[in-house]
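Chains here go by letter, A, B, C and D, matching the order in which they are written, and residues are numbered from 1 within each.
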C-alpha cells in the first residue's frame, strides 16, 4: 500500500437528490449535522446532469467550504462525507468522496465502514491494469465499479456487492442519480427520507435528515440498494440480509446523535434504558449520579431514575477545547483539569 | 473617536506572578479556561523584569498562540485577556492587553468592564497632548496611568481610580509586578489565589485559578488594589466600597463557569437554587423538565428537584458549530434546527 | 472529461537518482531553477526503495514546500514538476507528479508536453475498466503504464510509447528507478547530467542541472528512454527519431533560461544571433536599441552590435509584481505603467 | 525601549489628496511602485474628512491588501508606507502609518528616515505623561505633534521640526489634509506632482508619481512643508536648508528606481555617467562588460560605451526567488548559483 492507514469506521455520509434545490448547500448543512462522526476531512461531490465536480480538504466542515467553493458545485445531485481521524497524521489523499470518470460516466463514492478483504480486492483491481492513488477502501469500491459489468449502475453495484466483505454504508453519485447502499450484515446505520421541496436524502443518521426537514424517514435495510428519485424511492434488495445481523453497538452507546433513530429505536431512549438496566445490575450506595458529558447524560438520568438517587450535573465541557498547539508544562499537567 | 465600538462587558482577564514558572504558558491555559468570556481576540503580555512584550491577535486562544509566539514571551510576570465580540466586525486595534512604555517603565493593562465617563476621560488625556490609537477604555486607563503622579504604581493607581466611573476589573503588568484592581461598586468578578509552585494568580473566575492549581482563593474586594507577590499578597483598600454594591447578576445566571465561586457562592448552587425558587414561584403542570444547555442545566435540575417533575435531557449542542461562512437558503432556514 | 482544461505545454520537470543525497531537497532546488516554466502548481514524488510518496499543491515552489513537507519525502529517487498556468482557474486535481500504486509497484509520472490523441487514449483506458480522476495527460500516461505488458518498466514504456502522439518529455519514478523519456519528434527539451556526489539528474533545462552542480550534461535524444543510475546511464533508443524533428521554436525565443543549452546551442547565443539577423533583415534608423526584459535582452544586444546603434536599458521590471487582488480604476488603468 | 530595532532608512512613502478619486486604490498602486524600497510591512491610512482609518500588516503590498481591506478605506486623503526589513524579525508594532486621535483630530504619519536624537525625544514625550507603544521614530513624531502648540497642523509641524535631528521625509494625514515634510539636510528624496484628475500626490520617488499619471513633478525642497491641495500646492519654507546638504548617495547608486529623478538628475543617467567615469578612472583590458542586475546595468552600459569594450548580459535574476523556508544541504550550497 502507498499509505498505511488504520481503519476508519465512524464516518458520516450524506446523499441528496433535490430537483428544486441548491444541493451543495443542503449537503453542507447535512455534513454539519454529522460533524461529530468525523473531524479530519470533509468533501462534497455534485453533478448537474452533465458533469460532476468534487471539493474536499482536510479540516472541519466549516473550514473546508467557503461560499466560493460551494458556488462551484452546481447541480441537483450531491453526496458528501466527513472523515474520522484515528491518527494525528491525516492526508488529503484519503479524503472522500472519490470521484472518477469511468466508461459509464462520472462516479463518486462516499463510504462509511471498513472492508476486511481490502488487500484481496486491491490485488484484483491492480491485476487488471488499474492503478490506485490512495489506501482508501472507497477508491477500491469506485474502481471496481468502473470496471463492473451491467447496463445500469444498479446492476453494476449488485454484480459487485458479493465481493465486498465487511462494513459498508455507501452513497454514490453518478451523472444523473444518487444511490444508497448498505451491506447485508447491517453494521453501520444509513437512513433515507423525503425532502419537503421534492426529492430525497440519505444520511448516516436520521438526525441529519431532520436537520434538512425530511419526513417519511426509514432505514436503508441490510443488503438494499436505494435510488433516490423525484417521487418514490426505487428500492432493490440486492443481497439477502445476513442472519444474525451484526450491528455496531457503539452507535447506540457512543457515536450517534441522541436524536437519531436506529433499528427503529431512539438512541436517546436506548441510552436511558441502558442506564436503568445498569442501576439494576450494578446498584450503588451513592448520594448523586453524575454523567460525563455528552453521550452518557441519558444513561446517568436513566440510572438516577431507576435507582432513586438524585441526578446532578458535575462536569461541563469547555466548548472551546479544539486543537491547541501548546503543551502544558509538567507541573501544570499534573494539576490541570 | 476613531472607531465607534459597542461596550464590551464580558471579557476574561488573568494575571500571574510565578517566580519559578513559565508564566506565558500558565497565562495561556488560564485564558483557555476563560475562553467562554470572550471569543473575539486574545492576548498575553509578559515581563522578564527588564523588558515587557505583548502578543495579541483576533481569534480564539488556540488560534492566537503558537509555540513560537509563546516562546517569545519569556518572564515571570504576565497578564492576559480574551475579548468578547458584540459585533461582527472585530479589530486588532482594540485587542488587549494594551502595552505602553511610560516614564515609569512599561505598563500593560487588561480590562474587564465598561467605564461610563470614557468620553470625558479621553478629552482629558488628549488635552495634555497624548494621542490615542483605539477606542478602547483599556488604552485610556493605560495612558492616564502613564501620566499619573505618585512614587509607585500603587500610588498612581490610587490617585487615578477616583476618576474612573463604571465597571472595571483590571489586571496590570509593570516591569516587575502584577496588580489586580476592582472598582468600588464590585460590578465584575475578580479573584486571586496562591500558586502551588510559589507566587499568585488573579483571574476573572475562580474556575480558571483552579485550572492552574491555585488554592487559598479569595475575591478581590470592591475598591481593592492587590499586588501579587512571591509570598503574601499586598492588599490595599484604595477606595471604600460603594453601598449598596452593584454586582452584575448575569455572572451568576449566564456568564460564569458553573465551577466558579462568586460572592462566596458557588455559581452552580446559585443556579440550582434559582431553579428551585422558580418552581415555587411559577409551578407548572408538566411531564418533564428540560434545560437549554449549557447555563440552564443546573436551574432545570433545581426546578425538577423542587417540583418533583422528572428532569430529562432534550437538547444537545452541536459541538462543531463554530464559524460558518455559509448561509442556509431560505427554505432550509425555515426548517433547520 | 471531468474538467475541461487548456493544453499546458510549458511545464518544468526534474528527475534525480542520488544514492548519497537528500533527493527531495535537490528536487526542490531543481524546481526552483525551473520556476519560470510554470507557476501554477508544484510537486515532488520520492521513493526510498520501498514506498513512494508525493506532495503537490497549487502555488509557487517556495509556497508548496515547507521543511515539514520535504522531510516527509525521504529517499534516493525523486521526480518533480512545476505546472504552467494558462487560465485563472487552477486545480489541485491536475497538479503533478501523478503517483499510482500499480500491479508492478508504485509509479509516478511528471510530464511536459501535450498529446494530441488524448481523447482516444482516455477511451482506451476507460474501456478496460480503469477510472480517471483528472483531465491530465499525465494521469493517462500513468494509467496506461499501469496496465502495460512487459517484464520491466523500460519494456512497458517501450511497448506503450508508439501509442502516444504529440509532445512528451517525461520523467518517471518507480520503486527503485528514475527514467527520462522523450518523444521521437523532439518537441520539448530534456537533458541529463552527472551529479558530483554520484548518481544522475534529468531536467527540462541544462540550467537547472548546473544549479545542482551537474557535469557531463547531454540531451535526452528524441525517442530515447534513459534510466538514471549510480554509475553509467542506461540509454535505449525506444523509437527512431522522426525526420524532420519538430522542435518548439519558443524554447529558444522565450521559455528557456538564457543559460540553458538546447540542440547543442546556447539559448543566449541563439537570441543574440536572432537579434543580429533582425538587424540585417529589418534595419532601422534609430538612436538607441532598447529591450523589453527579460527574454529579449540578448536579441537587442545582438541587434545593437550588428547595426552599430548603441544599446541601452529603458525598461525595468517591477520585481514585486506578483499576484495582486486589486484592480486599478479605469482612470488609473489608462495611465499606469 | 520596548523593542530594540535597527534603523530603517530606506522606506517608501506616498501621500495623496484627490478630491475625485478612490485614494486608497491610488495609494495601493503607488506603494506597489515603491515596493523595492521596503518589503517588510505595508500600510495605508485614509480620511474621508470626518474619520481616519488605517490598515497595515507585515508582508508585501499585494499580501497586505485585499479588495475588502481597501474597501474599508474610503476617502479623498491618503498616506501609505512600505517598510524596509533590516532584520529577520519583523513586527506589526513598528508598521506604519501611525494613526492617533489627538486633541486636534486624527493624525497619521508615514516616515522615511532615521532621527539621531530619538532617545532624547522619547524621554521628552514620556516625561509629559504620554506612553509609547513601539520603538518607531514615526510614533514619536506623531506623539510630539499631538502635544504641539499652534493653531494649524502647519504651525505645529513648524514649531516641532527644529527638535528633529536627522533624516526625515514624512507624509502626514489629518482629518482634511495631506502634508509632505522634508528635513533641512535633504537626506532622503521626496517629490510632489499634480494628478490629472485634480489634486496632488507626494512620493519617495518620481517614478511612483508617474505611475499615477502625475505631471508637473518637483522635489520637496529641504526644510519645506507642502500641503497638497485641490488646485495649487501650498509651500512653506519651515526651516532654512542646511549648507552643505547631506544627500544619501545610495539613492542614486542603489535604492532608487532608474526612472526616478532626484536633485534634478535622472537616476538612470547618473548611473551611466558613473560607469563612464569608472572606465576612465579604472580602465580594464577585458573582452566584455557584464552587469550584476538590476541596479548596475546602466553603469555597465556606461562603462562599455566609454571604454569601447562591448556590453553583454551575463546574469539573469531568478524572478521567483522570494522567500524559501528550505535550506540547501552543505554539498548543494557549495555548488549552487
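Rule of thumb we're sticking to: a contact is a pair of C-beta atoms (placed from the backbone, for glycine too) under 8 Å apart; a residue touches a chain by one contact, two chains touch by 3 or more.
Every value quoted in this text rests on a predicted model; they were computed, and no experiment measured them.
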| item | value |
| --- | --- |
| Chain labels contacting chain A and also chain D | B, C |
| Mutual neighbours - chains that touch chain A and chain B alike | none |
| Shared interface numbering between chain D and chain C [over half = same, under half = different] | same |
| Distance-maximising chain from chain B - centres being C-alpha averages | C |
| Between chain C and chain A, distance of the C-alpha-averaged centres to the nearest whole Å | 42 |
| Chain B and chain C: spacing of chain centres that average the CA atoms, whole Å | 57 |
| Chain D, residues touching no fewer than two other chains | none |
| Topology of the chain contact graph, where touching chains are joined (line, ring, star, complete, other) | ring |
| Touching pairs among all chains present in the structure | A-B, A-C, B-D, C-D |
| In the complex with chain C, residue positions of chain D that touch it | 21-22, 25-26, 28-29, 32-33, 35-36, 39, 60-62, 65-67, 70, 196-197, 211-213, 257-259, 268, 272, 294, 297-298, 301, 305, 310-313, 316-326, 328-329, 331-332, 335-337 |
| Residues of chain B defined as touching chain D within the complex | 1-3, 51-53, 98-103, 106-107, 122-123, 126-133, 142-143, 146-148 |
